[in-house]
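What follows is a set of structures for review.
Shared between the two complexes below is subunit A, which pairs with subunit B and subunit C, respectively.
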Partner chain A sequence: MIAVYKALLRAHIGIGLAYRTRLTVWVLTSLFPLLLMSVWLAVVDEVGPANGWDRSDFISYYAAAALLWHTTTSFLIWTWDSDFRSGDFSFKLLKPLDPFHQYLTQEFGFRTIVIVILVPLLVGITLLVPALHYELDLLGWALTVFAGLTGFLLNVVMAMAFATIAFWTTQAGNIYSLWWGMGAFLSGWVAPLPLMPPIVEATGRWMPFRSSMGFPLELLLGRLDGAEIARSFAVTAGWIGIFLLLYRLSWRRGIHRYQAVGG
Partner chain B sequence: MQEPAIKVDELTKHFRVHQREAGLASGVRSFFRRKYADVKAVDGVSFSIQPGEMVGFLGPNGAGKTTTLKCLSGLLHPTSGAASVLGFTPHLRRQEFLRSFTLVMGQRNQLFWDLPAMETFLVNQAIYRIPEKEFRIGLDELVALLELSPYLDKPVRNLSLGERMRAELAAALLHRPRVLFLDEPTLGLDVTAAAAVRRFLTDYNERHQATVLLTSHYMTDVAELTRRVIVIDHGRLRFDGNLTELIDATTPHRIIRITMSEPVDPARLGEFGDVVNTDGVTAVLQVRRNATKETAARMLSELPIEDIAIEEPEIEEVIRRVFAER
Partner chain C sequence: MSRYIRLLRIFWGNTLATELQYRAAFWANAGLSLFWLVWAALGAGAYFRFAPSIRGWTYDELLVVLGIFFAINGFRQAVIGPNLARMTEYVRMGTLDFLLTKPVSSQFMVSLRHVGVYNWLDPLLGWGLVLFGLIRRDEPVSWTSVLAFALLTVAGGLVLYSLALAIQCLAVWTIGGEGLDDVVEGIVEAGRFPVQMYRGIFRTVLTFFIPVALLTTVPAEAILGRGSIGILVVSCSIAALLLFATSRLWVWSLRHYTGASA
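Up next, the complex of A and B:
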């Protein structure tokens, strides 16, 4: 399996690098979280620190969110939808390799490129911008990276589970968008969860969305204690298990309905 | 008697298809109230194919050929009936089964579009677990037979249709499949490229004793590659047998083409058979199949013949007749 992953990753990194403009535009979308940051900075300038979060906290939070947005968000469902309608999905089915691995490596390939471009950029900016500070020990960094990785895996598995709806509806992307849109408020993407109303914050801490955004960011800012870190990892693992199970069950039922359209 | 490589028994595949007429009003109506129709794409088809056989699978558009191939590849679950390929039930999609066949669709592409074809070959090597030595030998063979070396390093999107089809075949055959499902493998290719693909397929079949089920609208493909043909239409089997038997059964005539040393009256030619066309000196006649020899002999003795040729009718004509009879 290592050889398969190696070969597929190499190919997908190659595809990611094939179009320079596409890649540049893609990386530029990292700026979106910085727009949200500017809103919060305006608030802080006007009314002072929000619930203990000052300018430096918001800058550090959203600068890292820019990287996380690219590294943990899964676009898999759009690829799946397109493959489903064009007939390319059939070619994935014909291979003696579960399409899950084919889509996962595709996602990994693109993320690898982004990491290679954005991480040095973020490190450089951190050194140059005094407001950015991540005072973490080695374990803290390791836990943050691990949280990002498990968050990414959860997003992929969640997208795969939703993608199987396409066996019934031919298209699943819009249903996923609805789910993901709701998640934007519960993930820490629109605003850090500790600044949300208590009911939203409490709900968000048990939902799958925070695992790939709010959790690693709060970890990076040193705002979580050991118990909260353990609980958050357990929530992530639980949702990975749930979505993996849903994916498998839905696949088993749905594959009977596959119509292999598009050629 | 060997166990068949492919066995299809009363295979049926029905689809529930959403139907709507063209136009905005119809689109709005359809949004609120869906209409569906059951389409019998394959309707109780049975046949079997022995290992190493190359069989033509013919029928008009929408006859159910591709649906049958998709059922045999495990992409589609049959509505009823059974299919077996190399002893496997295709829709169960066992790993060993997926390693033992290939499906090539002429109008589709499995190569990585933005990368050189070599990248797809390397990915397939890993996925099909082809040992390095075997991969290199197989690749060299395919590159030589398909004359691929100039195109290996070019992104697939920059290849011509013919070049891409050859690369596609190489990608599909690297793992040495024992069964080949070929759906219009020469679609859109020019005469030279199509001939190269046919030569290659014949060679592959001889070298590896692969079983081949081929659909094509190009009768040259069918005539050159296969002896046996299976004809389906509206999802039902219309004919299964030797290509010459099909010709005998559907076209009770042969064509005699003659050139004469001096003009002959068409009415005189009409005594030998149906005159398809004539300019006085050359003529094309249709004669009864069982009277061909005798008629040709009479022509040679009674007409000022310079040249005479007896031909089978075009296979396109044969197929047209099969479907006209339905």
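Up next, the complex of A and C:
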């Protein structure tokens, strides 16, 4: 199994590297978190620290958010949708390996490239920009990386669970983007959760969206205590379990309905 | 001119006829647009929990900017995006050679031939939000402001069209141009907030180099009664100039086009 994973991973990294311009453009155009940061800095300029968040907190938060966005967001649902429509999905079914693993390695492959490009860049920027400060011990860093990884895994499993809707509708992207759009407010993307209205914050802490964004970010800024960290990991693990179960159930029922359009 | 309008009616009419077979998809997308609009408006409220106004913009005024952003973003998704997305293919597959032989302007063919139908309602939704923001703000709006707003909206559309055309010229040279529509999306996305909210280098770039300010901030200032005749004249001139310059650029870049299919 490990050998299969290694081979698939290598293949998908190769595919990703073949589209270098695409990749650069993609990295360059994702300045959106920096725009959000810019607005928060304007707020701080106007009235001083918001709820105890000052300039350097916002800069540190959104710089890391940009990296997390690139490393943990799953575009799997779009690949799946287009595979469904073009008939490529049939080929994936023919291979002697559950498509789940094929999609998972594909996602991992693309992320690997992004990490290799972005991490040195971010480390360089962190050293150059004095406002960026992540005062963490080794354990803190390890927990942050682990949180990012589990968040990414949750995103993939969540996308897979939603993707199986396509068995009934031949298209799952729209429903998923509604769900994901709702998540943008509950994840800490639009604004750090502690700055949201209490009800949004409370909801966000129990939803699956914070796992890959707000949770690692707050960890990184050293704003979470032990109990909160444990609870957040538990929430992530719980959602991974729920979505895995949903995926397996839906897959088993759905695969019989697969009509192989296109091809 | 009337010939081009007739052609547009045929091209776009065809697309519409095809897509109308999927009416449910159309309404689903309209619903999705409304959902995004509401979320964007609510989300912007997060910033105003801490300050009544940010860099001279209140929440109601920001809603006006957001509405204009939505309108122009709908225009991008309906008209700019579909054509831009096909540009790489045109150059790589040699379709461009074929388009050049047509007895109509090649610029027309590469930039307006295709249309997406899912976002036709977005401008209406966006202007609805503009109206909502103005009503909430509860200050009189003069007819001259409305007129200036209308002119500047057209100017903003032309600026965006010109930017997209310039990027298409780039695709002629570089051939590999996947993700070009993402660049335009990123540019328009920056128009979500008024340029005053950005700082330092961001603001300079967005005002002078990539005129994002013309897309949303300037029309918003006009309808809020903060514009001036000077800004109106300058903005419309910039739009006209950009349109002229980019169509020259298109002709010029075609001269360096060597063809791919042969």
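Here, the second predicted complex is superposed on the first by the 261 of 263 C-alpha atoms of A that agree within 3 Å, B and C clash if a C-alpha of one lies under 4 Å from a C-alpha of the other, contacts with A are read in each partner's own complex, and residues count from 1 in each chain.
The criterion applied here is as follows: a residue touches a chain if its C-beta (ideal position, glycine included) is under 8 Å from a C-beta of that chain, and two chains touch if they have at least 3 such contacts.
All of these numbers come straight from a predicted model, not from anything done at the bench.
**Student:** Give one of first, second, both or neither to describe whether A:A50 is in contact with subunit B, with subunit C, with both, or with none.
**Tutor:** Touch status of A:A50: second partner only.
**Student:** Which touches a greater number of subunit A residues, subunit B or subunit C?
**Tutor:** C
**Student:** Who does A:V4 touch here: subunit B (first), subunit C (second), both, or neither?
**Tutor:** In the superposed model, A:V4 contacts subunit B only, not subunit C.
**Student:** If we overlay the two complexes on their shared chain A, which of subunit B and subunit C does A:L132 touch? Say first, second, both or neither.
**Tutor:** Touch partners of A:L132: none, neither subunit B nor subunit C.
**Student:** Pick one for A:S177: touches subunit B only (first), subunit C only (second), both, or neither.
**Tutor:** Once the two structures are laid over each other on A, A:S177 reaches subunit C alone.
**Student:** If you stack the two complexes on chain A, which partner ends up touching A:L121: first (subunit B), second (subunit C), both, or neither?
**Tutor:** neither
**Student:** Who does A:Y258 touch here: subunit B (first), subunit C (second), both, or neither?
**Tutor:** first
**Student:** Would you check which partner chain A:L94 touches, where first means subunit B only, second means subunit C only, and both and neither mean what they say?
**Tutor:** A:L94: touches subunit B, not subunit C.
**Student:** Give me the intersection of subunit A's contacts with subunit B and its contacts with subunit C, in residue numbers.
**Tutor:** Overlap of subunit B and subunit C footprints on subunit A: residues 19.
**Student:** Taking the touch rule as given, give the residues of subunit B at its contact with subunit A in the complex, in rising order.
**Tutor:** Subunit B reaches subunit A through residues 15, 66, 70, 73-77, 93, 95, 98-99, 102-103, 105, 107-108, 110, 112, 114-115, 119-120, 122-123, 125-129, 155.
**Student:** Please give the residue numbers of subunit A that touch subunit C in the complex, ascending.
**Tutor:** Checking each residue of subunit A against subunit C gives 19, 21-22, 25-26, 28-32, 34-35, 38-43, 45-47, 50-51, 174, 177-178, 181-182, 184-185, 190-191, 195-197.
**Student:** In the complex formed with subunit B, which residues of subunit A make contact?
**Tutor:** It is residues 3-4, 6-8, 10-11, 14-15, 18-19, 87-88, 90-91, 93-97, 255-260, 262-263 of subunit A that touch subunit B.
**Student:** Which residues of subunit C touch subunit A in the complex?
**Tutor:** Listed in rising order, the residues are 28-29, 32, 35-36, 39, 42-43, 46-47, 49-51, 53-55, 174, 176-180, 182-183, 185-186, 189-190, 192-193, 196-199, 202.
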